[in-house]
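The same chain A turns up in both complexes below, where it pairs with chain B and then with chain C.
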Partner chain A sequence: MSLLKRELRLLLRSPAEVVQSLLFGVLVVALFPLAITPDPDVLRQLSVGLIWVVTLLTSLLAADRSLLSDFEDGSLEQMVLGVAPLWWVCLVKSVGHWLTALLPLIVITPLLGIMLAMTSETMLWLMASLLVGTPVLSLFCVLGAMMTLGLNRGGALLLVILMPFLVPPLVLGTQWAMTVGQPFYGYLLAGLLCVSLMTLPFATASVARIAVGR
Partner chain B sequence: MFEDLDFEVQSGEVLQIIGDNGVGKSTLFRILAGLLEDYDGKVEIAARSCLFLGHRYGLNPRLTVLENVQFLMALQGEVPSEDTLLTALAKLGLLDETQQRCGELSEGQRKRVALTRFLLSNAELWLLDEAFSALDHHGRQTLLTLCQSHVDRGGGLVFSSHQALDPLMVDKTLRLGPA
Partner chain C sequence: MWRWFHEWGSPRYFYARSGRLLPYLAGLTLLLIPTGIVWGLLYAPADYQQGHSYRIMYVHVPAAILAQSSYAMMAAAGMVSLIWRLKLADAAMQTAAPIGAWVTAIALITGALWGKPMWGTYWVWDARLTSTLILLFLFAGVLALRQAAGPSQSGGRAAAVLAVVGLINLPIIKFSVDWWFTLHQPASFSVTEKPAMPIEMWAPLLAMVIGVYGWFFWVWLLRLRQEIREREVRSEWIRQRYQNEF
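Up next, the complex of A and B:
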């Protein structure tokens, strides 16, 4: 609990990080109609995919934010040596990533939807797909960030490592929202979330032990 | 980096590791602490609990002194009351800085913050890499007193330093570097 409390405290101390995620999302969505077309029909067709891609990119931008600071100031070492199970630490770091980078974007999704002329029904299913799918993004982002901690040009490597793993939640999430709640995609996305929750914190913990040895 | 190392530290003993920069003192400490696993050999630690302080103190610059110490103690599975924490911080001369963010403190002050958990913990073995660096005379004396009382309680202590310390305090010395 103290780790979760710390993550929330750090979140409140760094509103700029949350604003950065929001600004990125709003700017992309605002610029998109200017660059492509202001036609509401076209925008409506592209809206779900666009918001999911923006969400995915936002998660990548924030992937190593908190881990890097923990690595540099030695907190990560102490977490590895601490009595709390390391998989739990990694899970909490993923929750922190989700809260700072993705939840704010999910909260303003209705606004982004309106900007892209989205129907209210699609918007609801988009929100549902983001709520189920984005934790998967966070779990993978923390794993990828842990892999590249302390490496030169880790950011570029992070993109290469993560991209293949982020495609399934992206495809399932967009399909679920675009088909307005087709259960098949919903089940698959929920299944992916369950499998990710059960495996990725443990994988991240193993990688963390290697990362602190660098 | 080094080979043929063989040493042991009993309860109530102090082992000092000395050597120049780059001889592997920190690497040895990281192996002892369990942070490095890529080595040939065997490390056996019988102590039930062990505290390690390396070059990085584990203090988040955006959190206050009190929040950082609370968090580090929680990582060790110990939750002292705020009064206990404040008393410990006062002993280390940090009572006026408890609500200050660690990023605003000097190196020496941050080191003292990191040492607070040693004052509060019941860990049997202390591993202090470059224990006395960044500390002023007062901080150094405080740490020496802290170490002495830990050893008197039967705790083991391994610390590194560039220079040899008072031989009266040290039971064993391990010198790393060219023979």
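Up next, the complex of A and C:
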């Protein structure tokens, strides 16, 4: 618990960064009607996928925020050697990432939906799919960030590494929202969340040991 | 008897034994691939539906099969290197990755070339094409990570973790892409048809598939042996073997 409080304190120390990722999401969504068409019917078709992709990009952008500063000042090394189980540390980092980068975006989703002419029914299911699917994104993004810690051009590398793994939550999440809540996709997404929750922190922990040893 | 197995993990014994395997692999490859190509391109009967343009199948299908299995082999090597900490397994994974990536690219390119006469378009977002594209991205990720993390042992381990995570995720990815496609499948054509082929058509295909696998192992062994030479350049047995070249 104290680990989580520390994470949040560090991440929220400069609220500008949280607002920045939020702004990024809003601006990108605003670009699409300008670039494609203001026609609400077309926008409505694209809206779910667009918001999901923007969420994905925001998740990637914010991915190494919590890790990089820890790596640079040596706290990551302390955590690897420390008392708390390393998988728990990694899980806390994923939670911190989700709370600061993705949850604000989910809260703002109604606004984005209005910009893209989304029906309120779809909006509801979109938010549900985001609530279930974005933790998976967080878990994968923290894993990827740990892998690219301290490497040159880590940012571009992050997308290259993570893209295949982000496809299942993206596809399942958008399908769930677009079929307006058909439970099949919901179950799959929830199952994916459970499996990711159980396995990814351990994978991240082993990568953390590798990263610290670098 | 177990000792024989364990010796395969040592670069020195592996080098010696794989050297003896090389001529057989080369022979198999050089026998089967030209046979398959000449037979498939020239002598197999023309398809009643597609005419002669189906012949690219003899390159495309072996490449596609190999693309998937080479990823599995590479990830298996990565798993061995993580669990048993064998540097040889790490070298095997490192050398297999570029070959697999190129084979996947060839599968995609030949598939696109086949698609134009068959479906009228170079690319279509169907389940198999999309899965193969994602496979290419998986290879790209492993290669990029390996390149960025360096040739050190930690770089190898990071890439191995990525490859194994990719392998475990592969069924999930394929499943989600399949469902995504079945939802959006255009009704105008069926991409996944597998017509029953007369033996004159699939015999050269079989020759090509076996030949391409032989080629893969041949090239993989060649690259792996080179990697061993580079890594063990300071050890005694390499010096003795190649002393006249130093």
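Heads up, the rule we're going with is that the second predicted complex is superposed on the first by the 214 of 214 C-alpha atoms of A that agree within 3 Å, B and C clash if a C-alpha of one lies under 4 Å from a C-alpha of the other, contacts with A are read in each partner's own complex, and residues count from 1 in each chain.
Quick note on the criterion: a contact is a pair of C-beta atoms (placed from the backbone, for glycine too) under 8 Å apart; a residue touches a chain by one contact, two chains touch by 3 or more.
Nothing here was measured: the structure is a model prediction, and the numbers come from that model.
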Inset, instruction - Could you say whether A:I161 touches chain B, chain C, both of them, or neither, answering first, second, both or neither? - result: second
Legend entry - First (chain B), second (chain C), both or neither touched by A:E17: neither
Inset, instruction - Could you look at A:Q175 and tell me whether it touches chain B, chain C, both or neither (first, second, both, neither)? - result: second
Legend entry - Touching partner for A:L143 - first (chain B), second (chain C), both, neither: second
Inset, instruction - Using the superposition on chain A described above, determine whether A:R6 touches chain B (first), chain C (second), both, or neither. - result: first
Inset, instruction - Look at A:G213 in the shared chain and tell me whether it touches chain B only, chain C only, both, or neither; answer first, second, both or neither. - result: both
Legend entry - chain C-contacting residues of chain A that also contact chain B: 213
Legend entry - Complex contact set, residues of chain A against chain B: 2-3, 6, 9-10, 13-14, 69-70, 72-75, 77-84, 209, 212-213
Inset, instruction - Under the touch definition given earlier, write down the residues of chain A that touch chain C in their complex. - result: 143, 147-148, 151-154, 157, 160-165, 167-168, 171-172, 175, 188, 192, 199, 203, 206-207, 210-211, 213-214
Legend entry - Of chain B, residues touching chain A in the complex: 30, 33-38, 52, 54-63, 67, 70-72, 74-77
Inset, instruction - Please name which positions on chain C make contact with chain A in the complex. - result: 134-135, 137-138, 140-141, 144-145, 148-149, 152, 154, 157-158, 161-162, 165-166, 168-169, 172-173, 175-177, 179-180, 183
